[in-house]
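Same chain, two partners: chain A is paired with chain B first, then with chain C.
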Partner chain A sequence: MDFDSIAQQRATQYENMLRLIGRQRAPSEDAAPALAATRMRSVVNCDRIAEAYRADAKVAYVSEQFPTEIVFAAGVLPWNIESMSNMLAQSLDIDQVFRLTQERELSRDICSFLRGPFGMMLAECYPRPDFVLTNDQPCEGLLKTIFMSGKRYGVPTFALHTPNLLDQDALDYLVQQIEIMLTRIAGVFQSDPDPEFLRSSIVNSNRAREYYRKAALLLERHALPGVARELLEIFGMNYFGAAENIDLCKTLYEEAVVLAKAEAPTRPRVMWIGQTPGESDELLRHLGRSVDVLYWAPLWEANLMALDEEQPLRSIAERAIRYHWNAERMERDLDHISDAYQVEGYIIANTWGCRNMMAIGPTFRSLAARKRIKNLTISIDPVDRNNYAFPHIKNRVDAFLETLQ
Partner chain B sequence: MITLGIDIGSLSTKSVLMENDEVVAFDVVLTGGTNRKAAETTFENVLAASGLTRGDVKFVVSTGYGRENLPFADKHVSEITCHGIGMHLRNPDIRTILEIGGQDSKAIRIDDGGRVEQFVMNDKCAAGCGRFLEVTARAMGIGLSELGEASALARNPLRISSTCAVFAETEIVSLVAVGTPVPDIVRAVHDSIAQRAVVLLRQVGISGPVGMSGGVALNSGVVRALEDKLQTSIYIVDNPQVRGAIGAAYIAQRLA
Partner chain C sequence: MTRPDSIAAAVEDVLELHRDRLALLAGIDRPKIGYLSIQTPEEILLAAGAIPFRLTGEFSTETDGASVHLGSNYCSYVLSCFGEGLAGVYGFADAVVFVDACDMRKRLWETWARTVPGCESWFLELPNDASPLSKSFFAGQLRKLIRRLEQRYGRPIGEGALRDGIARCNRTRELMQRLYDGNKRGSPLLTGQQSIDLVKAATTGLKDEFNDRLAALLDAAASQQPRAGRPRHRVLICGSYFDQPAIVEVIEATGADIVCGDISNGVKYFEGRIDADAEPVAAIADYYLEKHTSARCIDTDIRLRHLFDLVRDYRVESVIYFALKFCDTNLHDYPYIKEKLREQQIPVLFIEGEHNGSNIASIKTRIETFLEPRFF
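Let's look at the complex of A and B:
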């Protein structure tokens, strides 16, 4: 596609996106963000959204947990198709987007985390990508969705195959793939990979990660209202490698230090396991009245590790393998985190249509039984409100909360 | 001291007056369209039966689906907690409870003090609950209370799908249309409810005798089907339909 056509298409897509953004959901009573980091994140998000629609922007669609450092190293904006649609669904009425997917006969049994991006593309709301990047963890459905997005726009699609086992062979194999990917990305813009860009992206990532890690560690010992959620949002946004993310994580950490000194009263801690609804969701607000909710994913060991600046690709590879849904590693991780954060209950949230969560749920339930941690499994749909309503599950949630008293 | 436990379920509303941990009076009415009205009615009924007045009642705990919609309740507690306590008061040896109510079924594991350790509930669909039995009775043109006896007369084993109450009703109507004997159909419905209940029970883990509460415990056909599948007898608590309200009244005694 030539430059003018891309410019025209992105202008239309931006208009469509603005129209969608105009379809606000009614604000909830607790909608006002309390932390400065939350407000800062909103600004960063607005900025990156607007930036991606500029005619001369270089945009790559990426999947969840893709190593964004290598995207920033190529001077490209990552557009996480899944988290972007989730973020929008938190505050916008995206029913029309889901209706479009049904009209195109996409089964409602597919999770809304995949139907959302599909719908966004069908509604011509996402900015046209220059290329598409993916890895095959954690979810095959996501891999297929992102392949389809590359096909839809007729742009190159590059995928990393991530081994599940972590050993030297697996690391060598994945490093080689990342090197090839970097060369191919540069090839799209008829250039060579620039080691200096990669270096600064890794440094940015590590600086942000250090603040992120310190905030997470503070949370082990202190009740820090809002911090667990903000860690989740920063994890989901996956902007590691960008300079703005350093300020964001630094602000969060500094606020966490202040909150730690304020010594908020401790309440029972419940670990949310699984995909999460927006923070103003009725269920989360209900839980928040009597317990402190922590989110597991942002506290994964893989999210706290720094990248080796001497061998960055190797540590990116290691992190990617650690992100894999390997039942044994996940169980060990949850076991450790449950102790470190003194967790008293698990909420295991099965997202409608997510076979991954349903398959791994029994592992968490048996860990809970072994550790005598109270647990509740619920079926929800954090994105598509047609699939779930809070009153369906309120009864069991209340009973679960009573077991913690 | 006198307390009230009131259990507002989807099908029926139950109330129990308790004095010094003893049940003074209880009552059951159909919930109908307005659960507040049902609650008021059953409250008045127990007061009339006991010769007490509202002013004598020191604390009210509401439970069941309509628990939050009761202006005169001092506290609301989930029926899972209430059934756990209600069963424990009657039989302290019970650790595993099956409670099948109007719109859901629950397996509950309690500790030696009647506190809930773990529970699971049926998901998404009314198949496996009291509502399913209601639908079945209606589709076959017999009374709800006749189902237990009818299934005892079953001769031929049948199978009815248990994933969806609406689809199951269609299946029942088709079986009726081809002249399948009613007892065989009723038995198949009971089997399908029992099958789902056993899965729930095994999920929480069965330890010791299984106790059953909730209105469906009064249906001898479901109980027989459960006992067949579990290969053990089930302890049916007396007045199973008001066990939740008894638990609520007891919690009220502690909180008053």
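Let's look at the complex of A and C:
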């Protein structure tokens, strides 16, 4: 496609996106206190979103836990197609988006975090990508969705296969795949991979991660309003490798230090396990009135690990394998997190269509029983409101909260 | 073995291996190892002296217990296989091999290990493409499987045993392909359900018995005259794990033939041939990755090209795309495959069902409405 056509298409897509997200549900009355880091993240997000619609921007669709360090090393903007789903969930026009997917006969049994982005593409709301990068994380459904997006736009698609079991063979295999991918990305721009850009991206990632990890550590011993959510948002944004992310994580850490000194009163801590609704979701607001909600994924060992600057691809590969759904590893992780953060309750949230969470949930319930941690399993759909309504589960949530008093 | 004196008897002879599979397997004093995915290298299990058999999920229709562990919004083939495990149907087996064939089977691998005592749960990585790098990695995984089997049964697996395993499986492929060649030329020798049951008989793991009986069937069929009368409409079935006698019956009752099943209980099981002259492990790895055209394969165009080849070779007139409810990979692929089939003016009908017990009344209406106008 020539430059003018891309420019025209992206301009239309930008207008469509603004129209969609401009029609928001009513804001909550008791929104969480906004941290400076939250406001900063909004600015960074706005900037990158607007940038991605410019005709000369280099845009790569990426999956949720894709190693964005290699995207930034190529000077490309990563567009995380799934992370937009929560924003989509707030739009009054969401049903139109899902209707488009149904007209294409995409099953409603598929996770709404995947149907949403597919619909956004059909509605011409996402910026046209220059190419598509994917791995099989966090699930094969996203892999399928993102691979199909490459076909939709007729652009190159490069995929990684992440083994499930961590050993030297698996690491070697994944490292070699990443090396091939780097060459292919450079090939799109008719250049060679630049090791210096990759080194710089890895350094950026580690600097940001260090602040991120220190903020997470402070959360172990202190009540830090808003920090757990911000850790989740930064995890979902997956902007590690970009210079802006260092400032963002540093700001979050510095605020966490101040909040720790303020010694906010402690409340029972509940760990949210599973896909998470947007912050303004009524269930989360309801929980937030009586307990402190922590989020599981940002505290995973894989998400807190630093990359080896001498062997960056190897540590990227290791992180990727550790990110995979795996009952044994996740149970071990959760066991440790529960102790470190003094968690008193689990909310295990099955999103309609998430087979991984559904099947691993019983492992967490067993862990909760062994550790005498109260737990509640709920079926929700934070994106497609045709599948779920908060009043249907409110009684169960209230009964669970009473057990924590 | 006495030779059957009619085609019908020869068919019954082969299908008996499936019908009596549990009793047959339980009665043989050799290690038995189960599997779910046809990407499992039976050759290696045979080389270890084991009988590799496929779990069919049809011997325990009770899935409530399985749903407690895996969830109810789950692929019913996976739930049924797990239900069999929980019910002790495979008490005679030493282990089940779970290939990385989809997310739900991965979760079953983990859950099986925790909940089914006495039958080990083994995992085999499976790349989702057939690049040289992936083939090399997969060959390494196969070597790990070989080491595991050697440790488990306390005997080495040499090249000779691997070559023997390859030869026996290649023989099955060759015979099955000969049978299906008839479908390409004209009307099928077997009914749709017999064809499916034949593949299930092949996956009972009694390779030599199966090969002998199928060879006898082919001999008996050699003198068979082509079916007289007006040619019937030619249907291909593709999609999820498919073993739906009621749907097959409805299709055939309309006056159509199922000439090809692009399914794991169909041609996907026996396509191609392993290079018997190459280094065995590498040859096995190459074969399984190159023939991989399921929905789990990352690039749907590979699956689609294979489907178009089948449509051409079997002179298919209509496609029925069957997806088990919650079979995500097949559900994801459908909009794209439908679009591409329609671009080629190939009619396609989407049917969704459960492994044991779909709502056949509504499906019947849809199939009749789809197929009947195409006969005139």
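General remarks:
We adopt the following convention: the second predicted complex is superposed on the first by the 396 of 405 C-alpha atoms of A that agree within 3 Å, B and C clash if a C-alpha of one lies under 4 Å from a C-alpha of the other, contacts with A are read in each partner's own complex, and residues count from 1 in each chain.
The working rule: a residue touches a chain if its C-beta (ideal position, glycine included) is under 8 Å from a C-beta of that chain, and two chains touch if they have at least 3 such contacts.
Quick caveat: nothing in here was measured; it's all calculated off a predicted structure.
Set side by side, chain B and chain C differ in how many residues of chain A they touch, and the one touching more is C. In the overlay built on the shared chain, the residue A:Arg396 is in contact with chain B alone; chain C does not reach it.
Of the two partner chains placed by the overlay, only chain C lies in contact with A:Leu165; chain B stays clear of it. Contacts of A:Arg355 after superposition: chain C is touched, whereas chain B is not reached.
Legend: residue contacts after superposition of the two complexes on their common chain; A:Ile110 is shown touching chain C, with no touch to chain B.
When the shared chain is aligned, no partner comes close enough to touch A:Asn303: not chain B, not chain C. In the superposed pair of complexes, A:Thr251 makes contact with neither chain B nor chain C.
Contacts of A:Gln65 after superposition: neither chain B nor chain C is touched. The touching residues of chain B, counted against chain A in their complex, run 65, 77-81, 104, 115-121, 123-124.
Considering their complex, residues 68-71, 73-75, 100, 102-104, 106-108, 110-111, 114, 123, 125, 127-129, 133-134, 137, 140-141, 144, 296, 298-301, 323, 325-326, 328-329, 331-336, 338, 350, 352 of chain C touch chain A. Touching chain C in their complex are the following residues of chain A: 104-107, 109-110, 114, 136, 139-141, 143-145, 147-148, 151, 159, 161, 163-165, 169-170, 173, 176-177, 180, 325-328, 350, 352-353, 355-356, 358-363.
Listed in rising order, the residues of chain A touching chain B in the complex are 369, 374-375, 377, 379, 392, 395-396, 398-399, 402-403.
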